[in-house]
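The following pair of complexes shares a single chain, chain A, combined with chain B in the former and chain C in the latter.
Take a look at the complex of A and B:
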């Protein structure tokens, strides 16, 4: 049996492009299985997503939003002292004293903390801070390059009571995370979203196609075995369904049942069972003419046993071809439905959903949100189809030399 | 109407194991909806193939019956009905005195009738190993427990001349003769009483044919089988069978003990068949071919089906269907010139030869 598999693989690899496609397909399968381990973040975990990261271009480094320390000061005759604690846990001491020039000197003693910005909020209207920029409306002064001592001018006279707060910003720190493919409109890392999108697309596609195979094969075997009216009925049903565009069937089912992974799988099964039923019926009819089926009848096996254990295994090769191509078809279908907004819920974005989300940013020069998932989807579908085509060529004896 | 009471086995005292009366199988050629409507409107009889047409036969336990006839005369159809894998449209079919449908209801009973097929390639499931091909049925039907499967299969493989090294091989790893042996082991493994062999050696090389025929003779003696042997090859039939049934376009035209048939064929069709037979039959495979076109089974000639090719036809022949009548002990013939107003063909076929020369 192993020799057979090896020979099969050797024949398969005679086509280079098929071999490459198989590699790509396997890579996507690996992504599906390993998504939680290889993805930089879990895009489904809403806590790990910051709106502040939204729409960053590819290659941007993620930075930690810097916490701002707010220390209130209440001065009497221009004198005050307040203490705070830096994010690292060190003490900060603020001291306000009138200096010789009639100004107030604010000394900030923040050891072990790089202060990048200081704002003073709530100073009297006529006060001003040396070297600082005032907010156009509010009474808020911002020092971009703070020194350890600030000078506040309060006019001719130092007010007896002075209350304001000091806001201290530390150095912003990179998180070590780089958005290789940028972020989407919700601040989700595109790479992670794509990896999880591959996963959900593959799962939906494979589950849909496998479900369709199970049902279609079952009905095809029934049609072939019983023949006559049962056969006509099932095949007319197939013809009827094939006359309706598959996207229409999908839209109908999903608008009636609502969004959800289970429903989209159901829609795919409803659309794709026909291909399996047709193929199974025709292959099974050919098998039924072979003597081993008569031999099995003569050995008085039950119809179920003959169909499942004798006929079905001999129908499998062409069904596997259809399965491969159906998976690609199911992924396309799911992407189309998700793009149209009836597919998956927003919290579990598939590739189609990512493309749909990115579409609205296409013309604001934020191409990466739609293009990368689009490329991945394209490569995935082409690769799976090439593998399916190769399998079909191999199972088609007319093409054999 | 066939006179059924005339079909008497050569040994009157033995109970027939298998007994069929006026068995028929019709394959409709037009089965579509519109065909049915048109048929009902025009009142025409729908077209159909009478693959088996009013065949009656008794087979006694231990007997080997040969069935010969040209291609398309309904031998395989009859074999499939007798094996219980196809159902007749009309007539009666008793096995051990019970109606076959009733008999087949119990699978353990139904296993008593087994079949060996023509094409050893397609008669084995290509996805199963020999151990499963032979051992599946005995296990499924509870003849042996699963744990004994290997030894049991091995026993039957040895009986058909195959060794233990073949147990886990797939059919494609065997020669035609070996495959046919596996098919025989598969049938034997369920302890059959009646073995139906449909052209079971036709697809094999001549030397292999002889081996398989010897194997059939051996297992027949060893297992006390009753056999129905269908073949194109008159030499094989002569070698194996006690009695021979000659069929023509779905009907039985002559039944006779083998030696009597070969030494003294009575039906004009049988005579034509034997003339076409090579002298040393086992050395060259010879398919039957005789002069005149084989008429279409869809639209067979009226009266006696054979009359367009018959050298002795009279005007009756195209009008009246000949019944199968008893000629002598164990011999039956369906020919108007034998039973009717016209003088009977004289002994040993000489009469026919003379008229042919005349």
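Take a look at the complex of A and C:
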């Protein structure tokens, strides 16, 4: 037996691509099993996710959120002075004075505090702040790593009354955690979310395909063994089912039964059993005509024994091929359903849902939210399919030398 | 054929092709394509009081008066003028030039029929009833005038009437108004408006096609009495998906989109061919607590008790949510954190109430005091295609509640099932939105914090069934107070009461954002209504 497996593996590895794909598939299987140990955080634990970490690009360090200091300024003829207290307890003094060029100069004396960001909120619409970026909708100017003096342009004349608030953000401490693939819109670490997404996708794919194989093979054997009306009934059922698009069946099941992993698996089984039933039936019909089956019948073996011990093993090679391809199909189906928003709960994303979330950010230059889960899904499905293809080639006698 | 002749011929051909290409282009220029995030659920002007429906009605079914929500003025529409005869009697003169599709001018019979129909729309959630609640009698007054009598003085009558589109009465004889069915049993079915058999009244546009989930096509009304709109046809494409809506605008498939998603603001601001149009909106986004059912449907682990009946739990949840963080991060600054219900620019705002602080420690402590030191299991519910970033905001709230020790799940549903389930009281902590659709705070407060009373059309959005006698008393008094300052005070007091009761979890007031091709003039509106009839190319 061991020699046969070794020979099988040797033949399999004659294709380099298939070997690499097998390696990748095994890597994803490892991710599935080890997800809780290798993932930096548990993305399903809502308590560990902070909104303040949202939408960070890959490689960003997580920092402790720092409270923002808000100091209102009310200026008369461009002159104002206001004081605040830094989180460390030091005083902070803001002074607004008109400078020589008809601009306003805002001097910030923050003592020991390192100011990383200043925002001016509520300036008049025609005012502008030198070197700062304006919020596209609100009257809010943001300046990162500001100098101690800011210049505010207020147009030809300095308004007699000016009111706005200054928001100051200080330096924040890192927590030692780095978001290797960035974070999504909820502050979830993308790497962890992807690892857990792989896990869900693999579990759903494997459970769905295996379930479909069990049911499909069983019905296929029944159809082949009994023939006649039973055969026709089961095969027409298969035809009927194949005439409905699989996504439609999935949508129907999930809208009727609601969201959840178990229901997605059920939907996948409902969709995919047909392929197994067909293949099993056709192979079993060929096998039934062979002499060894007649011999078994002469020995008065029970139908169950003949089917399970004699016919089924001979049907397995093509079924294994379909199984691998079905797993890939099931993962795609789960991803499609999740992308359409009927699959899994929002707080427990699979790869499909991560892609759907990322789709929202397609127009905001935050590529990492959509691209990484998409790439992972792509690689996973290609790898599983290549393995399936290789198996099919090996079981195809016409390709044998 | 010589080369020059060949060039000549092909040039001619090209010119011809160009001319042919230009022809449909000029026709196409008469069509305005609008990508809307939420489509109207019906063309019937009296069917459902929700943003998209109100927005459609504004363009196809004029009311007696128009409530300009930009400057707060009431402007004439079907009524050219109105006078107050005494505290509770109003006389409206109808515009003889305003004619229905068959050329017949609007008459008192139509006004009576329409006001009466509000109570008699089959399958309607009934939310329009509060607008006609105080109307005691409507009767014709000679040729082309109608008298409306209210139950006691009603300061909001004009605002209320501005929400009721006037449809044509099938019979010429005026009905005798009463508070039930006006002795009539033959009401135009909603379906007839939806399949464009019957026009929804007189408006700058009328609906020629309404296909749910796809598009609503509006055609310019050639007989309109007011200024004719520029565009001959307007097509409202229902594109609830944010990415697709932006893609449609960027690709030029639509000219205008509403509810611009937060994530796309920067990109549109940087695009020279597109323009952002914005205005602070009165719509409050909130979570409502189920304060009536016991046990409440979406809470487990409390031995059947409804924790939201305990004011400490409601306070804890209010303190557990960091509104500033939601506004700055999820909404990217395009919203204003809300302290109470009526926003700062709307009549009735209470400036004394402050945005509740974010205090998770105090929240945990309050939960422990209320007897839930280990929290409880809660599923919160939100729509995923109704408000801007609704499911994102809901997920942010879910995270924040998880952080104070509740075991929270989130379910999001499309609005087509969400609101009917909310009205069936199937949720415990659920998202909602309510704007001051009549332009002042009273209607918003009646809708949201008055004890739910569908008979009188009060508390229409109060699906959590918050109920306070004090609030009801203040609002009841405001309903009959003509003096502005006294009324403002009453509205403020009512809000202070809800604030003290933590009757809601107010999150923020939206800022309405549209995006349009930069060569199109499109009018923003605080009620987030799409005003299509003033849209035109910029010169």
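Methods note: the second predicted complex is superposed on the first by the 295 of 401 C-alpha atoms of A that agree within 3 Å, B and C clash if a C-alpha of one lies under 4 Å from a C-alpha of the other, contacts with A are read in each partner's own complex, and residues count from 1 in each chain.
By definition in this document, contacts are C-beta pairs under 8 Å (C-beta built on N, C-alpha and C of every residue); 3 or more make two chains touch, one makes a residue touch a chain.
Computed from a predicted model, the values in this text were never measured in an experiment.
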Room on chain A for both chain B and chain C (clash or fit): fit
Touching partner for A:12 - first (chain B), second (chain C), both, neither: neither
Partner chain in contact with A:136 - chain B first, chain C second, else both or neither: second
Dominant toucher of chain A (residue count), chain B or chain C: C
Partner chain(s) touched by A:300 [first = chain B, second = chain C, both, neither]: first
Touching partner for A:364 - first (chain B), second (chain C), both, neither: second
Per-pair minimum CA distance [chain C against chain B, superposed on A] in Å: 45
Parts of chain C lying in touch with chain A, wherever the complex brings them together: 242-243, 246-247, 250, 261, 263-269, 276, 278, 322, 325-326, 329-330, 333-334, 384, 391-392, 394-396, 398-400, 402-403, 408-412, 511, 513
Residues of chain A defined as touching chain C within the complex: 45-47, 49-52, 54-55, 135-138, 140, 185-187, 259, 341, 345-347, 359-366
In the complex with chain A, residue positions of chain B that touch it: 80, 83-85, 104, 107, 110-111, 113-115, 117-119, 122-127, 136-137, 140-141, 183, 186-187, 190
Complex contact set, residues of chain A against chain B: 290-292, 294-301, 305, 310, 313-314
